[in-house]
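Multiple structures are listed underneath, in structure tokens.
Two complexes come next, and they have one chain in common, chain A, joined by chain B in the first and chain C in the second.
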Partner chain A sequence: MFEAIAFYLFSAVTISMFIITVMSKNALYSMSALAAGMIMISGFFFLLDADFLGVVQIIVYTGAVMALYAFGMMFFDATRDVKENIRAPKLVFLLSGMTALLLVLAFVAPIVSDHIQALYPVVDGVENPQAVGIVLFTKYLVPFEVAAVMLLVAMIAGIILAGKKMDESLTLKIDGDEEFQNKGSK
Partner chain B sequence: MTLTEFVIATIVKILLVLGIVSALAGFGTYLERKVLAFMQRRLGPMHVGPYGLLQVLADGIKLFTKEDFVPQNSIRPIFMIAPLIGAASAFIALAAVPLLPEFKIFGITVHPIIADVNVGILFVLGVMATGLYAPLLAGMASSNKWGLLGAARTVIQLLSYEVVTGLSVMAPLMLVGSLSLIDINNYQANGFKEWIIWQQPVAFVLFLIAGFAETNRTPFDLLEHEAEIVSGFATEYSGMRWGMFFIGEYTNMITLAFLASLVFLGGFNEWGFLPGGLAIILKVSFLFFFFLWTRAAWPHVRPDQLMWLCWKVLLPLAVVNIVITGLVLMM
Partner chain C sequence: MITLSHYLILSAILFCIGLVGIYRRKNLLMLLFSTEILLNATNVGFAAISKFYGDLTGQMFAFFIVAVAASEVAVGLGLMIVWYKRRGTLDIDSMQSMHG
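And then the complex of A and B:
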């Protein structure tokens, strides 16, 4: 009974949070609702005894949405409503709506199929992180390594793009105060 | 144990932990003033009650009776929710921490842990990190320039020190081979020499430094640095909403002290003649005192110094530490 209560509670909160994310005109409301919704999803993982995935969901999306806030802070006044300039609202609605519907159908399809079976069933006595590790380093080894290489490429690119003037301190940089700047860099 | 009993036991534990820890957090403010005062050759609070002990009560009355003020141009709901996030996430993080060893009372065995998640340490660190949404949302919603600066600093602090915390804990976890805090504790069961700090001194130092940044304590309390940005994210707050941020902060300090003593300092194992429960309370008290000691001894750092420390010193050290640990484990 408690599981059912928790499930319906989490579903209601998650869905309402994502509705706010889509509907709200204020960037701060949208982002906060997005963060809340993402963290609420971890509740489902905990209900399914997938503790590791639940915690990963929390950790990843805390950081990810936090980075989104940084962009929001730079581009918008968070306390004002954003006026979007959309030329063909019907087309945008149709395209994004169809995409969303397709995605939902693609993910829901396995429910009606009988041909789906777990290739790597849960082994007794193996904890969550170990189970994830086994699958990650056997079946999904190649995608895992490719993802690692791509992240490395992205990291190096980011360092090169951002790091041109890394030795200069922006905090110490005051217009026309060259002497102070030199003092700071030593 | 049936499900209903389990639920009742959990609720009792939750109420006990909430009550005791929030009282301790309040008492922590008194301790902080006293310790700082003695280190700076002052007396600290002396007038309310014996040795100023009732100062906590007086502060409580002040906070509760102050006007609950919301600025005109702020975003009201988020402004009001932000302090709650701070306090709630701090207590939720505490839920997965085994506070004391198992003990028996009235013939019932008590496990002093609210939720025995088998990935305990990740859960605690992750939920503690969500606590930084409190200063972020507070700063952004209060439509105040100092608040916004505080929020921006929250983002850089979280995004950089999350990495160091994770990497510094990784090396001890490789030794233990489990993410459960109880397993980590049992790994160090054979006394003083088995403490992980002797094998991983670098990881311990890195974890403590990153912990100071995550709980935004001095020297890394840039989010509310009075000398630069008035009071940062908390500029527009007053009364109990302001107080809630600090209940969250002190609870996070207690949680972090528990984590450090469980992972590195032998946890709640018996220490010589000391029983386990007393041992962990002593360790946690020392680490709490260490937080205050650092505040008295160190100046603030600048944001760019913080970034320099994180990305150019701590992160490479943490990675090197993991590589060396891995090599030693393979041999």
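And then the complex of A and C:
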């Protein structure tokens, strides 16, 4: 009973938050709505007995990713409305609906046929973080290390990309800027 | 009673919202937000299948998706800052230097 109430509540809030994210004209509102949606998504993970995943979701998404976005917002003018020319909005909804339907069919088809067996069954008497640790550090050790290397590479790339010319102001026009734009338009 | 189908339908709806964002928005920042929505939608699906089939592999995939999303944001934001410094806009329509 409580599970059903929680599920419907979380799903209603998540869907509305993500719709705000997609539809909002203001980048700041959009980011805030996205952060709220992420928190609500972690509620689903707690409902699904994936406690560790829920905690990771809160820490990584609303902690790290949203902080990164907020940091990035300092470079862009966040208070100004996002100007876009949107062509054929109805076609967009139709296309995305069809694509999502196709993807869902493609992924659900093998599940419906009931040929799935649990490779790493959940052990009784072990809490979720422990079980996750057992599987992560035995079967998935190599992907785990590769993910660590990938995060390191991403960190270095981010520092190098964003850190260059950090001392120069963005709002004041830089001379090299217009030079580049002229070069681009030719 | 909440079954696997409920979660999968929710995941599909969230994925659909993300796809609408990808197709509709013309701003790079909004595109990154929409990709976050897509990745989260798949995470919900993975966690649900992991619960209802009693298998931890789904959660493992969700962890790796979270790691990929974090690195994607780091690199994507860096590239966006470089682009904004050069052009002063994040509109995708401004990326037509090849005039295709």
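The rule is simple: the second predicted complex is superposed on the first by the 115 of 186 C-alpha atoms of A that agree within 3 Å, B and C clash if a C-alpha of one lies under 4 Å from a C-alpha of the other, contacts with A are read in each partner's own complex, and residues count from 1 in each chain.
Keep this in mind: a contact is a pair of C-beta atoms (placed from the backbone, for glycine too) under 8 Å apart; a residue touches a chain by one contact, two chains touch by 3 or more.
A quick note: this is a predicted structure, and the numbers were derived from the prediction, not measured.
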| item | value |
| --- | --- |
| Which of chain B and chain C A:Pro89 touches, first, second, both or neither | second |
| Partner chain(s) touched by A:Phe137 [first = chain B, second = chain C, both, neither] | neither |
| Touching partner for A:Ala70 - first (chain B), second (chain C), both, neither | first |
| Which superposed partner A:Ile41 touches (first chain B, second chain C, both, neither) | second |
| Partner touching more residues of chain A, whether chain B or chain C | C |
| Doubly contacted residues of chain A, that is, touched by chain B and again by chain C | 52, 56, 69, 170 |
| Complex interface listing, chain A residues touching chain B | 2, 26, 28-29, 32, 35, 39, 46, 51-52, 55-56, 58-59, 62-63, 66-67, 69-70, 73, 78-79, 127-129, 169-172 |
| Residue ranges of chain B touching chain A (in the complex, touch as defined) | 3, 7, 73-75, 78, 117-119, 122-123, 125-127, 129-130, 132-133, 136-137, 140-141, 143, 148, 151-152, 155-156, 158-159, 162, 178-179, 302-304 |
| For the chain C and chain A complex, residues of the former touching the latter | 1-2, 6-8, 10, 12-27, 29-30, 32-34, 36-37, 40, 43-45, 47-51, 53-57, 59-60, 62-64, 66-75, 77-82, 84-88, 90-91, 93, 97 |
| In the complex, chain A residues that touch chain C | 3-4, 7, 11, 14-15, 18-19, 21-22, 27, 30-31, 34, 37-38, 41, 44-45, 48-50, 52-53, 56-57, 60-61, 64-65, 68-69, 71-72, 75-76, 82-86, 89, 92-93, 95-97, 99-101, 103-104, 107-108, 111, 116, 118-122, 131-132, 135-136, 139-140, 143, 147, 150-151, 153-155, 157-162, 164-165, 170, 177, 180-181, 184 |
